[in-house]
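You will see subunit A twice below: alongside subunit B first, and alongside subunit C after that.
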Partner chain A sequence: MTTTLIESEDRREYKATRRRGLVVDLSMTLATILAALVIGFLVMLATGKDPIAAYEALLTGPLERSFRVGRWLEDATTLTLLGLSVAIPFRARQISLGAESQLYAGALAAATVAIFLPLPPVAAVIVPMAAAAAAGAGMGFVPGSMKARLGANEIVATLMLNAIVVRVYDYLVNGPLKEPGSSAVHSEPIQPDSALTPLTEWLGIPFGRANVGFLLMLLTAVALWLLITRTPLGYRIRMTGSNPHFAEYGGIRVPRAIEWSFVIGGAVAGLAGAHLVQGVYGRLEPGLAGSLAFEGIVVALLARNNPLVVVVAGLFYSYLRAGGDIMEQQTDVGTEIVVVIQAVIVLLVTAQALPDLLKRRLARRQAGTSHKRSGTSDKRTGASHGKADAR
Partner chain B sequence: MNESWDPAGPAVATRAVTKTYANGVRAVRGVDLDVPAGEIRAVVGENGAGKSTLMKLCYGLEQPTSGELLIGGRPRVLRGPASAIALGVGMVHQNLMLVPSFTVAQNVVLGVEPGRRGRLDGRAAVEATARLAEEAGLAVDPLARVEEVSVGMRQRAEILKALHRRARVLILDEPTAVLTPQETEDLFAAVRRLRDGGMTVLFISHKLREVREISDKVSVMRAGALVGTVTTADTTERSLAAMMVGREMSLDVTRAPARRAGTTLRVRGLAYAAPTGQPLHGLDFDVAAGEIVGVAGIEGNGQTELAEILAGLRRPGAGTVRVGDTDTAGLDVAGHRRAGVGYVPEDRLHDGAALDESIADNLVVDRHDRPPLARRGILRPAAVRAHAERLIEDYAIRTPDPSVPVRALSGGNMQKVVVARELSAGPRLLIASQVTRGVDIGAMRFMYERLVAARDEGAAVLLISADLTELLALSDRLLVLKDGRLVGRFDDTTGLTEKGVGLYMLGVEHHERAHLTAGLDDTAGSDGTAGPDNTGPRDTGPRDAGSGDSGKATPE
Partner chain C sequence: MSSVLDVVLSSAFLAAVLRVATPYLLAAMGGLVAERAGISNIALEGQMLSAACTGALVAGYSGSVAAGALAGVAVAVLLGLLLAALRLELGADAIIAGIGLNLLASGGTAFAVYTLLDDKGGTSGLRSGTLPAVTLPGIEDIPVVGDVLSGQNTVTWLAFLAAPFVAWLFYRTRFGFHLRAVGEMPDAAASVGIAVRRVQYAGLALSGALAGLAGVFLSMGYVSFFVRDMTAGRGFIALAAVFLGGLRPWGVFLAALGFGAAEALAVQLGTLDVPPQLVSTIPYALTLVALALYAWRRKRRGAAEVAPASL
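Presenting the complex of A and B:
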């Protein structure tokens, strides 16, 4: 039965409870990260490495030199865009694993336009990005519409589409789009006008390959947050994800909301592809995205699909990635330890039980004290709470 | 398995039991309950009073936060239903928990099957079931598959299942909610027989009339605490209701005669072939603006399908549906809502609300893309919040803030959110399905008043309910649905009794087609010249003589 104190308690108390919940969530997240680091520390000790030097490299390394910061921001840009791209379908409770195909489709579209289509300066940046977003959106629309209209399983549909698109991409990079006369496998470079301006040029500090794409990523995150919270379409996506039966009952066209969530997510993943082509590599390379597409899913999960939190999670996650690389270079500890730490964090965060446990403890303590306050008849319960807390 | 019972002690008792849920809700506070063996004890209370939680504690589904639980006179710690069952506690849930594709006998013996070395002795199962049924006076067909039998028989099978596991304490959670009056009587007879055989029965209900009829003593809960335990004979429905809500409260609804103003809903030859569920066959009826038309029937006879077709959630197979001037038969849900259809769904948890979303968001699902809530493609949170605060005020939704997720609300409060949304849209036609299911008396009364008020403002109301008391109290006219067909039509509900309508619900009686379609224009096979509205039959007379005490909500 859904009994509740919420009805009897006043607004201030409700808000206090909510604030407390937020604080618990936040401190739990921090505690989780700490716990993961401790576990990583123990693993290194057990394998006879020097954990302190390793952690120094991991945790402070990325900030030590400006080009390392650049490396971090550049990685975070792609990763966060990929996290955002799955967070939107996740909001409609669609398990889209299609970020990979959408990214490669976007990269192909951006590169094709940026290599072969001569454009005036500003358009030369924008048009390839728009093409990438459109291609990604198209790659999102296919599984989205298969799910919404035909009832196909979206997990299978997106994974299969990934397999196809990655093969097509490999074929094109190895064949028709391969730079003529080059022994290495990659495409021709994009026209200089199409490149995303490096931050180095703006700030005068060497930031490696980090570029204005980082700022565009921040804008995208804010735009998606506004879309989800401030537009009717976002409302429809949220309601569809929360309870599709309710959405349908309320007159929302659920299939269309699902399709839109895939299309928007696809467009954002396409932008991630454009960022890699126009900002990072300046051409198509095989295996452009590495494992980023799937790490994007982890980032979205960590952020509970809130676009603004995805940015924080993305920055944090790529910080660990960047730190891991430095740790491997400077010490004899491999990046595997970073994988361990990341895995532990994901496990602990996705295990919702922990914060719930803590909240229950808090609630009990509250109940205990208010019982005591309410008089002598409840002494027994109050006392037993006291004991529980003391333990 | 029950050897460790102390014959002198209470069958079930709680000592200062408190249950605090993880989210800080104290559902049960310091309850001292004492139920001696061989007693039928009713536990009543408003929704959210903690009676279900208390029962879950007794059945091991929840563990008390503090306090002590006694079963069979000794303190026990129940780690789960399995340990409760081992101690002789059986529970029949509101939502019956049987395997639909198994026979009644297979369900009854499930988990404690007769047979040797892992092989089920089918014949022994049937015999055991038949014997138990005979002893307890619970008529079942052991060989029938559960999905094919009536809800009443499923419930009897559940009770037999508990008996087969040698239950000495039987917890019945709102057992009559799904039964016809006749089935309820049979159930009560069986329960009394079990009691006389030494069974202890805990009977959860909010139907006070039934509580008065069946129980020996009544324990009343309010806000998680036990208000008191009284001997049933010393109570009246009114005194129990007052104990439950803490003040005098009645469900009598005063309503003026309906002022009908033209047909709002016009249904002709409506048919529906369902892949699952109940098909509908050739329904013809009208609902006028300014009247409440009740739809009675045992649940599962096509009410859900009818309501969902009229709301646009299902497409009819044949026939026409007009709401005002709009032919809605081919429209989607949004089209129905534009035509002025409001719908309070029978299961608010399933499709009436998005539980994890805020009250404010739940209140705007049908109007989120229109001014004043959205302008130029932008949803305005301030407007959504103001809209919510207005409805929270108007509909007395108890909550500290519009941002509270609907899941945190009690049943009655949640239903107020649904009703507030549907009524504030100003519907021409309101389909209200099981509008008071699982809500407390205060909220129930509130719903009744709002429905009558909507009627008086000119809405056509189609009231679908399993609660005959409610239908008779509110309906200006009454239709009866059986097996997807209309079998009864009463154009005047004064003098109708629950038993009288029950006979139509069971299919014992039915009206002729000419009577059912009297006064409707262009129906197939109608003579088209039947009299005015109030020519309803009075042919339910003799059988109902002396049963006019239909209780708490008789219209005046």
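Presenting the complex of A and C:
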């Protein structure tokens, strides 16, 4: 009796701590975003722009018309998938920068199947997506196995793969896959059956190019969250990330976990490529993804690699992107300021010691005032200069 | 095939290699210094971009090419110091902070150009000029060498001097010894009285200066204007050269030169009937293979050996 009571009490306390941790995390993220927006405000002010009009367009613009909402959701789908794709290897503490190569490989696979392979209606949507996921997973497997089996630096490997795949993609779109007889550089359109159904068709509201891919993205996020938090593989990946030596000692095959994290991430980035081909452009276009692949990293970071939070971060981030475009149309502030704001967010998020530093400052100030009043000094606050622990 | 050989053996091609390799050589040396100081400098790309933009803008407005170059390098140094501060003072992950700085540079330069010149593309509307070429008396008269070397930009000469300079710094000076010690094992270095942080700040500043020089060359030598995102991934390629070169000055020099030569070759072959995109993948594919071989060899030699943490 008593033991169960103590256990349930422990559990309650544990849950309370977790909840408090979540609140702290959430408020930290909000504070970060707010700080970045303030810095953007100051930059606009300093360059003689009208920051209020600009922020009005940036923050309310995307919701003003339904097709703008569609533009936002469409962008959020790709971006969130890319964020999810790097969040998984990041969980195993693998800095995979290979989302770009995985996305382009996925786009190529999806487009090749969707253009050239005649398939019955439902399969026409699913098979290209599966091909894209497989191609992306393959692109993830290369740096993943190089890292896991040989210990080769994953940053260099993924960057090299990006450079290769982007060029091959460019060659294919300009050469073998270019639509014959067309003066514009793009592939033939995919077969109509392979297109992801636009949300407009379902809801009757003009949502632009937003499509069912958005719902599939939400499902993917939930699936990845379950994978990471509720499955043995997810546990292995998390343990590998938090302490590889301990994981090894506990009987986890660390190289395997690393490899899987790359493969899963690659498959998700491949799906992002499929979404661009089957849902957004309906064909292969040169420079399909723009800078999205790197921005996926920002989304993952902002969400601290939690798949469900990645969705929120992806929605937020693409909202900023959509708002930036509207801001540029309506005011004289360029969309580039959004990139600056994003950069500030990344820098603030990664500056882990910043909250401690602020707390110490506050504590010192409080100590200073109490010093005046009571004449006692608090030596601890000044003594804890952070150590330089360069890895 | 013979036409390919003709291209490769021409002095014009060799001159092009020197020109194309210049930013890679400088940025790779910058990456090397930072890496050996124990802080990976992913921000090479952003430093080059910021330096290229600042250089062209300052030169355009002040009318002085030298002032532009100095300002460009100074901005890159500041970014290097910022990266070091984020890492050392705020406990940031150097890689992620580097990604953030790259974003900042990409957005910041585009914002600055658009704000100042009302131009989305770049500073081609601004007359900013290029850094002078080096003319050595009598060198033009030497048959092949003269054709290759004459008219090369000052920065190109500096790029080729960067490798011996870094080698000398690493292995012949007290600072270089301290830098390597700090990068290898900061605690041990601190225990013998080396000011770890000061050395790392200095290393990152030097790294930024070299990357900045590479950037200044792009907008004030290679061409005479700044274009949005004109570094086009060169900083990342330079970073790959750092690892491919085994973190040693001459190895990195060769790797960076190889990347430059391959890019020049891809440009030249574009005039023939070979798809240039495919030719330009060769150096990256080779790097990937070399990376795997290098890692495999090291693994066979035994994991007990102390390797730089980031490899």
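The rule we apply is simple: the second predicted complex is superposed on the first by the 331 of 391 C-alpha atoms of A that agree within 3 Å, B and C clash if a C-alpha of one lies under 4 Å from a C-alpha of the other, contacts with A are read in each partner's own complex, and residues count from 1 in each chain.
The criterion applied here is as follows: contacts are C-beta pairs under 8 Å (C-beta built on N, C-alpha and C of every residue); 3 or more make two chains touch, one makes a residue touch a chain.
Just so we're clear, the structure is a prediction, and the values are computed from it rather than from any experiment.
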Using the superposition on chain A described above, determine whether A:239 touches subunit B (first), subunit C (second), both, or neither. first
On the A-aligned overlay, A:249 touches which partner chain: subunit B = first, subunit C = second, or both, or neither? first
Touching partner for A:257 - first (subunit B), second (subunit C), both, neither: neither
First (subunit B), second (subunit C), both or neither: which does A:347 touch? second
Residue set of subunit A touching subunit B in the complex reads 1-11, 13-15, 17, 229-232, 234-236, 238-239, 242-243, 245-253, 356, 359-360, 362-364, 366-367, 371, 377-378, 380-381, 384-385
Looking at the complex, which residues from subunit C come into contact with subunit A? 38-40, 42, 86-93, 95-97, 99-104, 106-108, 110-111, 114-115, 120, 182-183, 186, 190, 196-197, 200, 233, 236-237, 239-240, 243-244, 275, 277-278, 280-281, 284-285, 287-288, 291-292, 294-296, 298-299, 303, 309-311
Using the touch definition up top, name the residues of subunit A that touch subunit C in the complex. 43, 47, 49, 95, 142, 146, 150-153, 155-157, 159-161, 163-164, 167-168, 170-171, 174-175, 291, 294, 297-298, 301, 334, 336-344, 346-347, 349-354, 357, 386, 388-391
Residue ranges of subunit B in contact with subunit A within the complex: 16, 18, 20-27, 29-30, 47-53, 65-67, 223-224, 311, 313, 332-334, 336-337, 343, 345, 350-357, 361-362, 364-366, 368-369, 374, 377-379, 381, 398-401, 404, 407-411, 413-414
